[in-house]
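The following block contains the structure, expressed as structure tokens.
Every chain is named by a letter (A, B and C) in the order it is written, and numbering of its residues begins at 1.
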Amino acid sequence: MIILVDAAIYATILSILCVGLTLTYKITNVPNFAHTSFAILGMYMALIVTKIFDANPYLAIPMAFVVSGATSLFLYYFVLRILQKRTKSFLPLIVATLSFDIFMIGILNILADTITSEFQVISRDFTLRSHDILIFDMPAILILSLAATACLVLGLYYMLYKTKFGIKMRCSIENTSLAQIYCINTQRVFCVSWFLSGGLGGTAGVFLAVWFQGDPGLSVLLLPSVFAGSIVGGFTSIYGSIVGGLVIGFSEILVTDLLARNFGYWIVSYRPIIPFLFIITTLLLWPRGLSEIIKKVQERI
Amino acid sequence: MMPISIDSLCCGYGKHQILYDVSFEAGQQITVIVGSNGSGKSTLLKAICGLADVYSGEISLYDKRITGLPTYKIMSMVSYMPQTNNVFGDITIRDNLLVASMPDKPDWNHIFEFFPMLQDRLHQKAKDLSGGQRQLLAMAMCISKKPNIILFDEPTASLSPAASNMVLEKIKEIQTALHNCIVLVEQNVKDALAIGDRCYLFAGGKKMFSGKPDVLLADKDFDSKFLGLADDNTS
Amino acid sequence: MMLEPWIIFLADLVAIFSIYLIINLSLNLEFGFAGIPNFGKVLAVGAGAFVMGMLPIGLYGVMFGMTQHSIHDNLEMTQLINERLAVHPELGFLVFGITISVAMAVGMLLGLLSSYPAIRLRGDYLAIVLLAFGEMIRIVGINQEELVGGTLGVRVPDLLSFVPEEYRFLMFSVLLLGFAGMVYFAVSKFTGSPVGRLLRAMRDDETAVQALGRDTTKIKMKVLMVAGMIAALGGLLYASYVEGVVAFGYNRLNWTFLPFVMILVGGLANNKGVLVGTIIFVAIRKLVIYFNDGLDGLIPFDIIWLDYLLLGGIMLVVLMFRPKGLMPEKPNT
């Protein structure tokens, strides 16, 4: 049972991260290798709010959303936007997000060390699980993370298809220069998307901190899973990425558990290979991923 | 007060210069720009919209200097119809017109007055339209804001003769009804000159002629000077 | 006799420089010349190091009739082997030669493996797949203890055991510099030849090269195989320089990101630029570590994280303000 709870929480958090990654890839064509560092930033916001200000971890969500969103916006506005103006090549962009990730690893570790040395709070391999509350005898995180994913699905649908900003967004994605011709401030649309993507990452980080162990090193471990989720979802389909995140999350935990029961526990340490296998097989054999299926379902609705 | 006045403009893309010291004016009439491929006539329209890099010179709309402004700001004063990819294929016709008239709501009566055939296709996706219909939708998007200035970049390119006649007639109709300033860049020289009130001839990024279309048409060397050149380039 | 500290500093600088130069030249071949974004550089480097960690100790064990377990009694075994090698240096070179050939063959195979996605995928998708390839080697290395000792790692016998201890360090640096020189010479010769021009043409316009009747698939395969060989050599030399292999060390930062930083700062598709970029970064990193000791205790965090800020920061600044590197590619040379 506990393994199912674990899997559900992990899978929903992963799908929130996948949505963020897909959003910025779809809109500005940048595979953001620094995406999970926004989540870890949110994680530390949760630690600060819980341990230093002695409040409920969920109160950290607004702060995490803003701080991670602002970091993400910074990356786009001051680095990627300028690089994109100069070249059409994707390589400088990849190298730039990788560099930003390295930079963020430095920042996050400095943050962790400083929290420990200044406030005597454990900041590595920490968990806030004991601060979680119970709703209907269930851990609140389970309900909240599921609810957050559901809200995300509905909220994104509403935003993309029912609001003016959504139409502007879809136009900017399809044809940036034509969107500009029709008075759409595409730059603002892109900036909002990056802020949103980072903010979602930060929120996912708060959820992660409540249930799993938090550590600066988690960023590197989480990144392949998030990429795998987005890629399995087709990489340009928002809904695909939600499903993809769920698929990767559940298979990482449940499949490993199943294999471990049958073949021995040495398999558990190979869990990190699962997302890579998904990435490689999807891109080589089925590059459009789940997006094809999602599209058919959407058309039927 | 001229709707468009351009003073000794030099512009291009990045390091690649296209236009050399071009001055240009357009009043409340149809101004046609003709010239062979690569003569820089489309670039002039893009420069007005802020889509090309201006090295020197001034562009003003109604005496307001717009050089260097971001595209989305300029476009509140101008409508521009690009040669290709001029509609959003993945969204419906209704949404296309909605986007084109933002921030206001579309004036449907005004649009259907000129383009009645769009009325019963509003919920179709734009990519499902035929070539000619797509051009009409793009034109409808251009007029939806009732702009004082409209720039058309080769609206008849890749259309059948019948469809291109329809498009040119539509342009004439719009100008007669709205009395606005229309700049029309065309390859289809003779038909375009027929509806134009004033015309410019570009070659090699420089202005070669400006004046009444009949003067250009009456020029004995017209064919060799101009059409011959065009044929060489298009064949 | 003890060596002066500055000599040790310089010798270490030369050694690390030579190793990175070899790896960077191979990356430049793939990425700078052929345009294949090999974000899984660590794959071949790690494989070379793993071969160095596994093969020699096994060969010596058979040769000297040892009964110990190469992983569990690793320390004892390497000590005994080093004692024997001090008397029979020729055996050391023989085994070293065999190891190099095997490592390069493995590198070549991995290059062949990477060419499977490289032929089928474009752009960022290819980069992501190659990155995934690269990550897998570390996971396998950490978890399969019988390869290179899992999390604890293994020691590697010292080839230069016969040299008196005080000169060993210097000798190895000279040896590494020799290897780097050979690789530099060979790669320059290769990129300066018509094949080098063909690679750049393929990078800039693949269809045009195909239209000229060249099989770009084969070209890519060959380039990746050659580059895999060179990178494996680099990994092997690093493992023998530090006399050990720990799978944790073969991460994306050190063996993929850093080589990319070095060649991008130096200048893509320009071997001299790669030389310059490598020197700059190896020197900066060494100096940072050297001067870091002075900062200890003054700041509330571990100093190694400043290294991350510096590396990430420099790369971003270079990308933004000097996108072609310090020595840009020369047209048609």
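Note that a contact is a pair of C-beta atoms (placed from the backbone, for glycine too) under 8 Å apart; a residue touches a chain by one contact, two chains touch by 3 or more.
From a predicted model like this one, the values you see are computed outputs, not experimental measurements.
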Graph class of chain-chain contacts, one of line, ring, star, complete, other: line
Identity of the most central chain, Cα criterion: A
Two chains sharing the most C-beta contacts: A-C
Mean-CA-position distance for chain C and chain B (Å): 57
Chain A-chain B separation of Cα centroids, rounded to whole Å: 44
Inter-centroid spacing, chain C versus chain A (mean Cα positions, whole Å): 32
Contacts with 2+ other chains: residues of chain A: none
Overlap residues in chain C, where contacts from two or more other chains coincide: none
Chain A-facing residues of chain B, complex: 49, 51, 70-72, 75-76, 80, 82, 85-91, 95, 98-100, 102-103, 141
Complex contact set, residues of chain A against chain B: 164, 167-168, 170-171, 174-175, 177-187
Sites on chain C touched by chain A in the complex: 37, 39, 116-117, 120-121, 123-125, 127-129, 132-133, 135-136, 139-140, 142-143, 252-253, 257, 260-261, 264, 300-302, 305-309, 311-313, 315-316, 319-320, 323
Residues of chain A defined as touching chain C within the complex: 31, 79, 82-83, 86-87, 90-92, 94-96, 98-107, 109-110, 113-114, 117-118, 220, 224, 227, 231, 266, 269-270, 272-273, 275-276, 279-280, 283-284, 287
